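Okay, so chain A shows up in both of these, paired with chain B first and chain C after.
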Partner chain A sequence: MSGGRILPVILPPGARGATGGPWRAPTLRARHGAVLVLALLLAVGAAEAAAEPGRPSILGTLWRWTPLLLEGFVFNIAISLLAMAIGTVAGLAVGLGLISPNPGVRGVSWCLTQLFRNAPWLVLLFFVMFLLPFEFRVGGVTIPFPGWIKATLGFALPVMANTAEIVRGAIQSIPYGQWEAAESLAFSRRRTLWTIILPQCVKRMLPPWMNLYSLVAMATVQASVVGVTEMLTLVSEVHAAEGGRPELLAPLYGYALLCFFLYCYPIGRLTARLERRFQVRI
Partner chain B sequence: MAAWTPDQPLLRLADVHKSFGAVEVLKGVGFDVMKGEVVCIIGPSGSGKSTILRCINALVPIDRGSILVEGQEVNDPRLDKLALRRKVGMVFQQYNLFPHKTALQNVMMAPLQVLKQDKAEVEARAHRLMAKVRLQDKEQSYPGELSGGQQQRVAIARSLAMNPELMLFDEVTAALDPETVKEVLVTIRELAEEGMTCVLVTHEMGFAREVGDHIYFTDRGVIVEHGPPKEFFARASDPRTRQFLDQIL
Partner chain C sequence: MRRSLIALAALAAAALPAAASADVLDKVKERGTLVVGVKTDYKPFGFRDPSGAIIGIEPDLAADVAKKLGVKLELVSVVSANRMEFLRQGKIDLMIATMSDKPERRKVVQVIEPLYYSDAVNVMLSDKVKVTKWEQLKGAKLCGTTGAFYNKDVATQYGPEIISFDGSEKPLIALQQGNCIGYLYDQTFIAGKLLDAEWKGYHMPLPGIMETPWAMAVAPGEDRFAKLMSDLTKEWMKTGRIVELEKKWGVKPTEYSERMYKEYKGS
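Right, the complex of A and B next:
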């Protein structure tokens, strides 16, 4: 054997992959964004070439509609942030329910988690859109309940279920000795959970939770299917307003793609960084 | 029931039975510990030593028998577990310090949050306890920055902060290297000399002989033999005890 005294079962450090060095998950990098920009420019160039002479330039068209499109994008962000906030608070409650000593609470939490975690987001969205009324009447006062709020609730449901699983997983990953030590110091279960277990969970929950947020931000475009005016709806309306020219399709949707990438990319990078940091310092 | 008086055992176990599933871990264990006594429980792995300690502060419920702490029955569904645990401190093999708090905060947490004592008073006591375990210069360190022996001494200080009547030590030196074992044992010995009632599960025979007032040898869920250390180590007669001692000593 060429390895000399190296035991056959214990490989030398760095020998795991063919390239040497420990395996590392591929991460999103800035050059991936550059590829996107390049693709968008190519699409613009191609469209420019295909356009009939005398029409306004593609870049000019994009520029002209930018304020409206960005307004739509802000709406996407608002929906995602609000859905995340509602879903996180509800998910924390359901996640704590999943580890409740009360079998009834545990059962209900389990059903909620499984139902909303394993249903397609779009189906949930349709359910919420068509089951909730468009306005409430409370003592003669009519409170409108617009579509975008309903969509937000629709996205909050899967966020809740996924957050619940993140919370449960984090709590159960804390060594049992922590519970025993707290118990032997006369801490009640509730106090142990809030002052000893959960503070240690925050670090562990943060990366998957941020990952979930990226998914929600990108999923908000599904709201266009149920008639909420957000960026994707506006892109399609802009396209129609420009006379439905086919050469505009790629630049317009590429533009939307780029907006989402620029928003989610830093979140992805930060998540990866936090994960690496927490990996070393547990 | 008559009130507990100091001439009665501080801790009395009688005919304690405990099973985990089909495995009977304790098959009728009983012994008394008087106030100020240091009792050492020795025996091979899996003989139920740690389970005895866990039963005493109700971390594990028992199936049959009786455990009295200051005359209070532990094996009682109406037991106020939190009241019991204020009287009984426990130190674990794996230290189990709270990693998100500094050493000093670890010591202060339970008196502040559970006993709701005054912060200045608790802090002064925590400083004294950290000095007692000779770690006054490590008060602001997090558990991850301390060695095993240092962590274990913080864990002892943390238990003492509740002013317990009884301290349980569950193989507290088993995870330490030989050099740091000494610093932890010194701390426990000082505690014993101050009159703290201690029940130790240990593999440190030399320490048991030196500090213990009474030795119990357990095997397969029963107490096989017991006695004061001198007699116990010199005249242990049961073949199981002899075999165990021959292996260890």
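Right, the complex of A and C next:
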């Protein structure tokens, strides 16, 4: 024991990691939300102090605009949910296409996945916004095609590509022996896939899929760039309506941040829990 | 996925003729709604109230147009980047969105003459500064925004010393801290600021100079609608409607709108 170093032979339980293995990464907890609230209140306090007397209070201003801002936030949620639904269904199809026995289907699926997974989301959004018409006629009836639906489609494209990769990864993570066993029991390829492989995939796909959802929910604010009236657009419009006072910026955007945290935090927690539950134990 | 892409392409193709249909006035009447693109971040010309409704001078003008046509009004929020595109696509029938009249814009959309409003260059001054003529600003320190095209012209013509800052917030702070006696900027912007309680004790006593007129616009080729809008604009000027709206929204009437009112009143 010349170096004073304890040999890693009979370490006490719980001391793992002390020898250079991976340390446990910090996790997001509810108290971090409390820190966020505190930061918002501090920003409000600072703004309140910077404001001259006789002007409407910052909290009062936030409160007055809350119904409108939350209306915008509901819009963000609607866009994210719809984009997720469309993208998941399409992504499942493309993901299955990635492992199809047909080389043509494989190639097309691969192209779609690579294209939409690697393009910046905002670029896709611009494409969809300016290439699709704002209304279309079917048999003399004009059906409007509002900007937020277009934005939803724009978000559904990357969701599709990412879901496809999640599906492909999950299918490939199932031991190959199961395919062979199924084949030896005279299961068709389709039956093997739908009744043996995919049911096992669902729980493996769930955590990364929910993770993807969190990302989509937060990405919806990008729709403000292409003129969809969602929360971030309204935040800047509220700022303008309040006379563009600079001390209002931090509280207003902090408020939007808090809304997203409160929405995404439970999803993150649930994802972590599911991850633990479905962990592959060795 | 492939099938849905083809379906999308087919929808896009089907919609193209719809965009290029005959007369926008007929379409408006058939629809029963006039869709007007306005700003939502430009107080008091177009902004939101806490209920989310779009209000201001330009929404009021839009309401006048809808009333004239006997249809309902729908306001669409536009920004500078998409207002002309929306008009060309047919997403909006009419644009009243603080757009400065520029030759290159006239190539893209059809501008309504006479021009309904005009921005100008002006100075926001403390109430303590009593001036009536630009010449009285000779040698005075004014805050300005870097890159504003008129800074140099004003300096050479009227002789104030201009201290430039980035954006519009910094010069305002400098003004409050007493680094200068006034802020040289767009008149419509200053008018909006003066509505805010923060700027009580400031005023805009000088007449606006170097006017930059604003234009309403319709899609290119909509001559019938353009004619109707042109007549309506003259009527607004004749009845003093625009001056009236400026007063309603707390803006000091601009030189331009008062001049137009005077010019058309007798006609």
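In this section, the second predicted complex is superposed on the first by the 257 of 282 C-alpha atoms of A that agree within 3 Å, B and C clash if a C-alpha of one lies under 4 Å from a C-alpha of the other, contacts with A are read in each partner's own complex, and residues count from 1 in each chain.
Simple rule for what comes next: a contact is a pair of C-beta atoms (placed from the backbone, for glycine too) under 8 Å apart; a residue touches a chain by one contact, two chains touch by 3 or more.
What you see is a predicted model, and the numbers here were worked out from it, not measured in a lab.
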Chain C versus chain B on the shared chain A, clash or fit after superposition: fit
Chain B versus chain C as contact partner of A:L234, first or second or both or neither: second
Touched partner set for A:G140, first chain B, second chain C, both or neither: neither
Chain A residues touched - chain C or chain B, whichever exceeds: C
Contacts of A:L131 with chain B and chain C, given as first, second, both or neither: second
First, second, both or neither for A:G243, with chain B first and chain C second: second
Chain B versus chain C as contact partner of A:V108, first or second or both or neither: second
Angular separation of chain B and chain C about chain A, which is computed from CA centres of the superposed model and rounded to the nearest 10 °: 150
First, second, both or neither for A:R64, with chain B first and chain C second: second
Minimum C-alpha spacing, chains overlaid - chain B and chain C, in Å: 29
Interface residues, chain A side, partner chain B - complex: 175, 177-178, 180-188, 191, 195-196, 199-200, 281-282
In the complex, chain C residues that touch chain A: 1-2, 4, 8, 11-12, 14-19, 40-43, 47-52, 77-79, 81-82, 85-86, 89-91, 168-169, 173, 192-193, 195-198
In the complex with chain A, residue positions of chain B that touch it: 57, 59, 81-83, 85-86, 88-90, 92, 94, 96-100, 109-110, 113-115, 144, 155, 158-159, 162
In the complex, chain A residues that touch chain C: 52, 54-56, 64-65, 67-68, 71, 90, 93-94, 97, 108-109, 112, 130-138, 142, 145, 160, 226-227, 229, 233-234, 236-246
